[in-house]
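Next come two complexes built around chain A: one with chain B, the other with chain C.
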Partner chain A sequence: MKRKGLRFYLRIYLKILAQDIKSKMSYRADFIISTIGMICTNIAGFISFWILFSRFPSINGWGYYESLFLYGFSLVSLTPVQCLFDNNWNLRQNVYSGDFIKYCLRPINLFFYYQSEVFDIKGLGQFVFGLVTLIYAWVKLGLGFSVLMLLKMIVFLLTASLIMIALQNAAAATCFWIQNSFYVLDFVMKFKDYAKYPITIFSPVFRFLFTFIMPVAFIAYYPSLVILRPDAVPVLSWISPLIGIGFFWLSYKFWMHGALKYSGTGS
Partner chain B sequence: MKLKKYMTLTRAGIIEALQFRMSFLIMCAGNLLYLIVTYFLWKAIYASVDTDVVNGMTFTDTLIYLVLATALYGFMEMYLVWDIGRNIQSGKIVLDLLKPMPYRRYLFWSYTGSFVTQFFLTFLPTFIIVAFWTHGAIPLGINLVWFAVSVVFAVMINFSIDFIVGTICLYTESIWGINIMKQVVVLLLSGATVPLAFFPDKLRTIVNFLPFQSIYNAPLSLLLNAHPTAETVCTTLGIQLFWAAAMTLISVAFWNRSVRQITVNGG
Partner chain C sequence: MEPIIEIKNITKEFKVLNRREGLKGSIRDLFSRDYKIVRAVDNISMSIEQGEIVGYLGPNGAGKSTTIKMMTGVLEPSSGEILVSGNVPYRNRTKNAQEIGVVFGQRTQLWWALPLIESFRILKDIYQIPDADYDEMLKLYQSLVDIEPLLHKPVRQMSLGQRTLSDILAAFLHNPKIVFLDEPTIGLDVSMKAKIRTLIHALNQQKHTTVILTTHDMGDVDALCQRIVIIDKGKMLYDNDISHLKQFFGSYRTLKVRIKGDLKQYADEITEKLPQCSVSADDEWISILVDESKTTVMQVLGELQHHYKIRDMQLEEISTEEVIKKIYEEGVK
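Coming up: the complex of A and B.
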C-alpha cells in the first residue's frame, strides 16, 4: 500500500472538521454555554491568584505577574489537547460499546482518523483567555520582545502541548485493558491544574516525581523558564522539546498497540 | 413503616457505590496527590510572609481547612446535574416521574447511599489522619457536634443548588457547560479553593450574603473554632438553616414550574 502524504491527511482532516463543526452548530445554545463555562473556569483560576497575591507577596519567590505568566502559559499550551484530542474522552464508551471497530476498517491511520473526528471549539475560548493573560503578564514583567523570543515561545508552547497530549493519549488508551478507565483519565487530567505552580515549591522527592514520573513540570514550568528567567535556564528546559516529542511518540505507540489488539465486541 | 422505602434507596446506593473498588483506589490516589500539592503550595506561600498568622489563620489552620474542604467535597459531590441532564436527554426521566414519590425526594434518597459510603470511606479516614498528623490542632469537643449539624445543612443546600442547576438543563440541553459553571462558582465562592479568610474585605462581604459560603466555610469554621461563643454558633447555623429552607423552596418551585416543559423525543 502506498504511504499517504501529509497533504492527503490535511485534506481529509479539513473535510472531517467541516462535518463536525456543522453538527456542533446545530446545538448552538450548548456551544455558547460550554464556551462561557470554559471561560468561567479560567476566570476563577485568575481570581484565586488575585486573592492569594492580595494577601501574600509571593509563592517561593514567584511574584504575581510571574505566576500569571505560568498560568497563561499552561492555558495556551493546553489548547491543542483540548481542541484536537478531545475524542480521547469518548474512547472508553466507543471501546465498550463496540463502535470502535468502525475506525479500524478505514484505509487511513487509525489514530489520526479517531482523533480527527472531534474538534472541540470551546477550547478556543481558553486559548484567547490564556493568550491575553500571557501577553498581559509579559508586558507587566517588561520582558522585552524579539523575533527570537517569539520563536522560542512558540517552540516551547508546542513542547508543553505535546507532553499534555502524550499524557492524555496514554491515559485514554488504558481503556483497552481495564474497565472503567474514566478515573485514570480524570486522574491524569488533573495534572494540568498543578502545572501552574513552580516546581521549586516541592521537596526534592516530589520534584523528582513531578519531573520524571508524572511530568507535570514540563507542562508550564520548564518551558516557560526559557522566557521568564533566561539567565538561569536548566538543562531540562532546553531538552524539553526532545522529551515532548519522545513522550508523544511513546504514547502514540501505546495507543496504537491497544487499538490494534482490539477485537471488537461482536456486535 | 414510612421510612422503610427511603432506607431501601439508601441501601441500593451503598451497594452501587461499593461496586467500583478500582475507581475508588484511583480516586484516593488523586486526592492524595491534591493534598501533597496543597501542602507544598501553602507552605511556600506562608514562607513568603514573616508572621505565622495571616488573617487569623496559621499554616496548620489553612491546611486543615483545605484538606477537610476537599474531603467534604468528595463526600458531597454527586454528579446530580449529569444524572438529571442525561435522564432528560435519554428520556429515562419519564420512568422516574412515574414513581410514587416526588422526583426531588427520590433523587435525594438515592444519593444518601453514596453519602454514607463516602462519609465512612473518604471523610472519616481523612479526618482521623489530619487530626493525628497535626497533633491535635483540630479541637475535639462540643465543636464536633456543631460541625455535624452544620454538615447536614451543607448537604441540603448543596443538593438544592445542584437540583436547581439540573433543572436548568431542561431548558438548555447543555450539561457540560452548565455543570462546569456551577462547579466553578460553588468551589470559589464557598472558600473551598482559597479560604474565605483571605478574601479581600469587599469581596468577603459580598460572599457572606450568598448561599455558597454555607456549604464549606460554615462547617469548617465551626470545626476549627475551639471555644465558639453561643452567638457565633447561632448565627452560623441560623444562616445555614435559612439558606437550606430558602434553596429547598426555590428548587421545588422551580422544578414544579419546569417539569411541564419536558419534551421527550421517543425514549
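Coming up: the complex of A and C.
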C-alpha cells in the first residue's frame, strides 16, 4: 500500500468535488433558486449594515469604510467554512440515524472523508460579494498596495477561516455526546454575526468573551487591524495565526475523539 | 492454513441507563443515574478460514451487529482478542478497512448523487486499486450481472434491489479478503434475492473471498452457507456445518393430511391416538410432526387411513428455518 500523503487526499477531494458540482448542476431549478437566495441573503445583510452606518457615520472611532472593510473581511473569511465544511450541519442527523457508520469503514482519514462529501457551492457567491466589498473599502480608504500587504492579507484571512472552522467543528462534534446538539451548533454559529463589528464597540465583558471564550473577534477584528491600523497592532493580532492553527488542531482532535468512540445504532 | 479471522473469548459490555417510567421517572433520571451493565456479546470464540461463507444467525438483538462492528473495527471489545487478516481491527482501523468490504442491507455507502461508475472511480482512488485489477474486476462484474443499466444511473434513482446490488459490487471492488454482508436481501423481491445470492456465490468462488453473512432469510443460508454460527443473547449456541444441523433434526418430517369435516376436532382425536407426534390444524391441513426415530411416517399414515378417509396428503422435510427456530426456542442439547 502506498503512503497516503497530501497529493493522495487532494486527488480524491478534487474528484469528489468535480462529481458533486456536476450532479448539482443537473438540478437546474434548485441551483438557480439557491443562487438567487444566496444573493438576496447577502444583499439583505448589506442593507442592514448600510442602514446602521447611514445613522451613525462613525462607531467608536471606526468610520464607514473601515467597518465596510471589516464586513468584507468577515464574508471572505467565512467562505471556507461554508464551502468545505458544510457537512458538519448534517453530522447530528447522521449520528442519530446510524448512517455515520459508513464513514468509519474506509481506509482514509475519517474527518477528511466525512467533510469531502459535501461542497457547498453557494459559498462562492458570498466569496465574490465579500471580495468586491473588501477591495472597494480598501480603495476608498487609500491603503495603498504592496506585495507584503497582500501576503499579510492572505495569511490573516486564512487565520480567520481556521478559527471559524474550528468553532464549527467543535460545536458539531458535541453531537457525539449529546442528542440535541443542533442548538449548540446554531448558538455558536450565531456568534459569527458579531464578527463583523469592531470589538471596541462592545462592553468589556463581551470583549473578553469574544476574545477568549468564543473567539469570534479573531474572525475579522484582530486580523484586519494589521492592515487597517498598522501603527497600533495589538499582540493578539500577531499571534492570531498561531491561535488559528492551534484551535483548528484542537477541534480536529475533539471531532475525531468523538467519531472514534461512535458505536452506531442497532440494526 | 492460517485462519483469516480469529476470535478468542470476546465480550462486549455496554453501560446503559436504567430508565424509569413516565415523566416523573425521566426527571429523576436527570439527577440520579442508575446504570446497569449489559453484555451484548458474551465470550464468543470462532475461527474462520479464507474462502468460507459463514452464516451468522440469531434473533433480533442477539449481538450479531455488535460482533460485526468489532470485526470491522468500529467497536473495541471489552475483553478478548480479535485478529482479522493479521490486524487488530480496533487499533488498526484504516489498515483493516483496506482488507474488508462491508454492506449494510438498507444503508447505502455509495455517494447518493453520483452514478455508480463515478462512485467506482472514487473507490478506485481511495483503495488505490491498480488499473489492471480494476479493469479485470469490472469485466468480471459484466460477466456476472447486467451492470450496464446501473453504471450511469445516480444511486438515488435506483430501486432498493439495484442499490443493494451496487453496494455489493462496490464492497467487492478492491478485492478484499473478507466481505461482511449485514442482511443484504432485506426487503427485496424473490427474483432480486436470487440474483444477489448468485452474485455473492460467484464472487466467493472466483475471488476466494471470505463472506460473513447475517440474515433472517433462510433462503440466503440454504443457498450460500456451508457453515452457520448461531448466537442468542450474546452467547454462541451453535457453530458447525449446516448439514450437521439438518442431520441433527433430520429425523423430523411433517405429514400434512386433508380430511373432510371439522379439522380442529379431528386434530384433537389424532393427538390422543398418536401421543408421540405433535399435531396442529389450520383451515386446510392437519399437520403432524413425526419423529422418525420413534415411528415412521408410513405407520402414522396407515393408522390414519384406518380411521379416516384421507382426501389429500403432503410430506414436508423440516426446513432450516424450523431447525433454527427450534434452536432459538430450546437450544441445542
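The rule we apply is simple: the second predicted complex is superposed on the first by the 264 of 267 C-alpha atoms of A that agree within 3 Å, B and C clash if a C-alpha of one lies under 4 Å from a C-alpha of the other, contacts with A are read in each partner's own complex, and residues count from 1 in each chain.
Quick note on the criterion: a residue touches a chain if its C-beta (ideal position, glycine included) is under 8 Å from a C-beta of that chain, and two chains touch if they have at least 3 such contacts.
These numbers come from a predicted model, not from an experiment.
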item	value
First (chain B), second (chain C), both or neither touched by A:117	second
Which superposed partner A:257 touches (first chain B, second chain C, both, neither)	neither
Which superposed partner A:229 touches (first chain B, second chain C, both, neither)	neither
Chain B versus chain C as contact partner of A:12, first or second or both or neither	second
Which partner, chain B or chain C, touches more chain A residues	B
Contacts of A:104 with chain B and chain C, given as first, second, both or neither	second
Chain A residues touching chain B - in the complex, by the definition given at the top	27, 29-30, 33-38, 40-41, 44, 47-48, 51-52, 54-61, 122, 178-180, 182-184, 186-187, 190, 194, 197, 201-203, 206
Complex contact set, residues of chain C against chain A	61, 65, 69, 72-75, 93-95, 97-98, 100, 102, 104-105, 107-109, 111, 113-114, 118, 121-122, 125-128, 154, 182-183
Of all residues in chain B, those that touch chain A in their complex	20, 22-23, 26-27, 29-30, 33-34, 36-37, 40-41, 43-49, 54-55, 172-174, 176-181, 184-185, 187-188, 193-194, 198-200, 203
Sites on chain A touched by chain C in the complex	1-2, 8, 11-12, 15-16, 19-20, 23-24, 98-99, 101-102, 104-109, 117, 260, 262-264, 266-267
